[in-house]
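Here you go, one structure.
Should a chain be cited, it is by its letter among A, B, C and D, assigned in written order, with residues numbered from 1 in that chain.
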Amino acid sequence: MLLAGNSVGKEFVVTCFGESHGRCVGVIVDGCPAGLLLSEQDFQIEVEKRIPPQPEIVSERREKDIVEVLAGIFNGFTTGAPICTLVWNKEAISTDYEQIKDTPRPGHADYPARIKYGGFNDYRGGGRFSGRTTVAFMMAGAVAKKLLGLFNIEVLAYAIEIGEVKVKKKLKLEEIRRNTYKNAVRCPDLESAKAMKETILKAKNEGDSVGGIVECVAMNVPVGVGEPIFDSLDADIAKMLFDVPAVKGVEFGTGFKAAQLKGSENNDVYAIRGGKIVALTNNAGGVLGGLSSGMPILVRAAVKPTSSISKEQKTVDLSKMEETIIQIRGRHDPCIVPKAVPVIESAVAVVLADHMLQAGIIPKVSQEQK
Amino acid sequence: MLLAGNSVGKEFVVTCFGESHGRCVGVIVDGCPAGLLLSEQDFQIEVEKRIPPQPEIVSERREKDIVEVLAGIFNGFTTGAPICTLVWNKEAISTDYEQIKDTPRPGHADYPARIKYGGFNDYRGGGRFSGRTTVAFMMAGAVAKKLLGLFNIEVLAYAIEIGEVKVKKKLKLEEIRRNTYKNAVRCPDLESAKAMKETILKAKNEGDSVGGIVECVAMNVPVGVGEPIFDSLDADIAKMLFDVPAVKGVEFGTGFKAAQLKGSENNDVYAIRGGKIVALTNNAGGVLGGLSSGMPILVRAAVKPTSSISKEQKTVDLSKMEETIIQIRGRHDPCIVPKAVPVIESAVAVVLADHMLQAGIIPKVSQEQK
Amino acid sequence: MLLAGNSVGKEFVVTCFGESHGRCVGVIVDGCPAGLLLSEQDFQIEVEKRIPPQPEIVSERREKDIVEVLAGIFNGFTTGAPICTLVWNKEAISTDYEQIKDTPRPGHADYPARIKYGGFNDYRGGGRFSGRTTVAFMMAGAVAKKLLGLFNIEVLAYAIEIGEVKVKKKLKLEEIRRNTYKNAVRCPDLESAKAMKETILKAKNEGDSVGGIVECVAMNVPVGVGEPIFDSLDADIAKMLFDVPAVKGVEFGTGFKAAQLKGSENNDVYAIRGGKIVALTNNAGGVLGGLSSGMPILVRAAVKPTSSISKEQKTVDLSKMEETIIQIRGRHDPCIVPKAVPVIESAVAVVLADHMLQAGIIPKVSQEQK
Amino acid sequence: MLLAGNSVGKEFVVTCFGESHGRCVGVIVDGCPAGLLLSEQDFQIEVEKRIPPQPEIVSERREKDIVEVLAGIFNGFTTGAPICTLVWNKEAISTDYEQIKDTPRPGHADYPARIKYGGFNDYRGGGRFSGRTTVAFMMAGAVAKKLLGLFNIEVLAYAIEIGEVKVKKKLKLEEIRRNTYKNAVRCPDLESAKAMKETILKAKNEGDSVGGIVECVAMNVPVGVGEPIFDSLDADIAKMLFDVPAVKGVEFGTGFKAAQLKGSENNDVYAIRGGKIVALTNNAGGVLGGLSSGMPILVRAAVKPTSSISKEQKTVDLSKMEETIIQIRGRHDPCIVPKAVPVIESAVAVVLADHMLQAGIIPKVSQEQK
């Protein structure tokens, strides 16, 4: 029961708070069963994934985010009470952003946010609309992944397209596991990764930015997870992915290409392998009628090129109601895809944890003891 | 507050009930303000849009759906109480579907539904997973559209791609309004419409099916509608569209193509026209940071080829746990896109009505009197 | 997720629709696990409990309510889909109520409803505010009780006070089971029941009404049911009871009398009996810190005297804004307690079913098969 | 949309976190409109009301709670983003509570909590079940009261009964405003206050405790606030009050005494005074059919005697499954009523803020500017 838009989930409920240049960014995870082994280090690992180690392709702002656990963990285990964690904002330089108060940046939420909140919103660094809030996704994802791990569910996201560079080979699971975080752009195909990095650096040098596509696979999701009609699994994953800043498209399995296939090509026929029912293909991306099919969940998200670019752009001065030119200063990512990869992974994990609870497969009480 | 998955919306709350071969398909719309002029005829018009008049391209089952209003309307106006409407199922021939009890149809929810519900689900005609339940979307859409109409918001969906036929010209708004429902495939470009129809008939003759892409535009949505971070406008529209059967992808504005654009190309720069702030392009599809930007909302949904085809397909017999062949009998649409067009239109309208209420732009009480 | 006020529950979600003098009163129960044996007869039995058989103490309107199941049951079992049932309104005589349009009845919702809904509410017979809507409680209760029965949970409500007549003896469980529905006022103490009936008839003869107190006990609720802090078991039961028309007070265990006890008197001390932990008293009414304690849930609700009386009363004419006198015609109950008894029983059962699901004690999937 | 039990409200959504002996107790208020003038001082004033200044009648633990605002306020105004505030726990002495791990205190949630959470709950000081969490009520109440103040709504709670001492005179509004916080027990009748204090001290000296009754009045709530059937105003207030630790009964207006009145006595008849419609009495306590009637909301809550007493009590040792004796050490309030007074006031304010938003009377956007 919750109208305000800062919470998501029905049983594994994530509420996020904090602004880019406020005191902190935090998250509450409510509904996590008691008895899950969980430490500050589990959060720290996830949060650090967010920032690729190669500084040349990310913005120069490098928060040294140290996660603090404020509530919900006792003697190393979750207690069943809401888990609250946060990172303090240390590096925010708000003066960089004073200019955006009246001159909305193209491609950003500045203008609609000003209208929506009557000018009272914290516009510094984009406030609630900053990519900085994705730290909350990472912290929630840390809990979700730990929980899903008890059920052998593994969620893996990775870049498959940046600018004009596409991964052309079929990626193996082992390759994804091994390579994704070994390179700055989080692409498991190391050849493509190199080319992607160059594409990003080129855009950076031009004062411009590029976008890309992130793919995410979830292994070992049992059959029948999802709540049709209106809380279907794919719908909830899509919703969460569109909540990730800069995502403009989401597709499952063959996705938009399914439009051009025949039913006989697109249907995944069933067979028995090793005494188990399997589908011989996975054009459905692991979801049928809003329910998991037992095949890997396979979803892709289109990430737009970073809106903040240093090139001059037309905009309007809202205080004078006249056209003007903006040149965005400060630290910006020439490509948001490398940061989006772990965020999307966390986002999918959060939805799966929620739906596994909804389906009653994850019990609501203490994993270890009961 | 509502866990079970058959409701959607926070203020304009739609709950759907009924099965394909049960007694009826119905809907409850709760949260519609009192004082909206609304008649049974308003529902009837929308429900009839669902079935294209040309029988050759749709399934031969043609329910003559007559909407009955059970509650929530008094003296021709909404009362503020929940509105309940339904259509009775008359034509269902359940014997057609007895075979699917144990042999799940590829591409359908039969198998995961059986697992999820332990075999207790109503499998006849797909039960809750049948396209028949989209009648509920239409009835809810009828209320939403009437409500949005008071604010000059117009929602228009139409086919832009079926099989290999794509609309190549830029569609004008007038053309969309005038042509969409003048042809069987609901494509405003009449040239393309002809080719699409042929593509469908060809697939039908082969015992196969084709998919397509539906585009939807919403005009005059005010700036600042949407509830970030987790109930952003695009996220909620996407969620609702993935709840429409057969949708496998959703994108806004340039969508997946944004991956290949530069920031300087993709950003929509602001200008002043006629004293008003406008964006000179609409690559964002009318949504920035989860809020409406004041530009038209522009969204596309990929619809997979109909899963039910008459061609033989491999499957398994769940009662014997052995592989087998299924040939789906009964009445099936060779292409679901023409039916999906009005359903997607309704789906988007429902989300907009909900968000306009959430944003406080639609007042909660009596339009006419207060 | 659901703002509008016509739904209750988080996992066992009850949505009610229909008006006193509209076409029907109906209910949707969403979230009931698949695989529960449930028939139209189960609903019918509960709905018929609502009307005491002795016509002299209830209103003369005697709907012959026949429950119809519209959705959610297949082959005699719940399917996991929303269950929709309704009763049609047959006897409504709307002309009786035309006078209340402008002259609000004291003690009724007429005046605030008119203001809230800007005059668009269906005022006939009180519309949504009529006791008639409690049929929905009964139908939802039928599902809840069947579900709770699988876990040996028994919910029993009964009158303990009507007007100035109080039950003074301690009631035994067997007596409650045996006697409650054997008498018109639903009081298990047959001596008191007689006196209560006379009190009601006396009030009726005077054109007046009386109130009373209903007690409800729930046996065998396991320890630890409830979701603190804000969805505690007692809070949710209390909320549901205040949603029953005419309830003005709710208390658990010693309730208001606890105010005058010492801690050492009021605390229920623990002991071991037959290898099990028990409390030696039940002053807490079975709830500690919002969680069930393992002792019987014991709750009482104060029911006000029926607002509709035939005696003349002062009121105002809203159309003329002048004071006037109203004499309520039509059929009214001189005491609503006998009808409230089964409604309160259903209300408590609904909350318990919801919380047993929330606690993960009732599994979400098929009772029989999985 | 939110299953887990640590949130309440639909539009003014309060989520609370933290444990008695953890790092902090905090709260998130989501849904407060942007543009409300709100400072740390506003929170501080409310939080300090919680602890009566006379140390002899409260526990000796005296947290010096300093509220920190972590998010949602910018330049002195609310931003429309979630407001997060907390107080750090400084004085917690956990060793006091080690004994309760295995020997549940009578009247506390220790035993059911242990069962519910499989022993993983933070039992120190009662953890989530401690009265310490009511700091969160106070912080949420600070926002609610500020918001309600814009609409001239005033919420006032005060003790009317402690142990055997009852306020017998009719309290005037001015007296309530002037006297409540002038005395340790928060009773506006200073004569009674003195006797109440003595009653408390007597219980304290006996190693025992006493309970009481808190009354709360809300002035100037407009007509028609509340969402029937299931989110009626009285139901939501009652729910929130039962979430306040130690509350065992709630009644509106004449409450339980209504059971003994005739309808003609209990109905509040309407009249016109100064051109406005008023009721000549307020037996309904300001709520009719779940909607505010325009009269003051009048509600009473029964508070049980503090469960923690220093007298020896029987209990069981859960680790050995044998009966034993517990003597609770540490700091305990001999009467919780004085602390409950401001908490109940805050609780009612939170529900009213939520319902005023739900009714659309408080606009969702910026008070000052829009």
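In this text, a residue touches a chain if its C-beta (ideal position, glycine included) is under 8 Å from a C-beta of that chain, and two chains touch if they have at least 3 such contacts.
Computed from a predicted model, the values in this text were never measured in an experiment.
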Fitting the CA atoms of chain A to chain B, what rotation angle results, rounded to the nearest 5 degrees?
180
Check: interface with higher C-beta contact count, C-D vs B-C, is C-D
Give, as an integer number of Å, the spacing between the C-alpha centres of chain D and chain C.
26
With centres defined as the mean C-alpha position, give me the chain B-chain D separation in Å.
45
Just how far, in Å, is the C-alpha centre of chain C from the one of chain B?
38
Listed in rising order, chain C residues that touch 2 or more other chains are 1-8, 10-11, 16, 116-117, 128, 358-359, 365
Please name which positions on chain A make contact with chain C in the complex.
1-3, 10, 358-360, 363-365
Contacting residues of chain A [partner chain B, same complex]:
1-8, 10-11, 14, 16, 104, 106-109, 111-113, 115-117, 126, 128-129, 133, 161-164, 203, 206, 208-213, 223-232, 234-236, 238-243, 245, 248-272, 275, 277, 279-280, 284-285, 288-294, 302-309, 311, 313-316, 318, 321-323, 358-359
Chain B partner contacts - residues on chain C that touch it in the complex
1-11, 13, 15-19, 22-24, 26, 28, 30-31, 34-35, 69-72, 74-75, 77-84, 86, 116-122, 124, 127-128, 365-366, 368-370
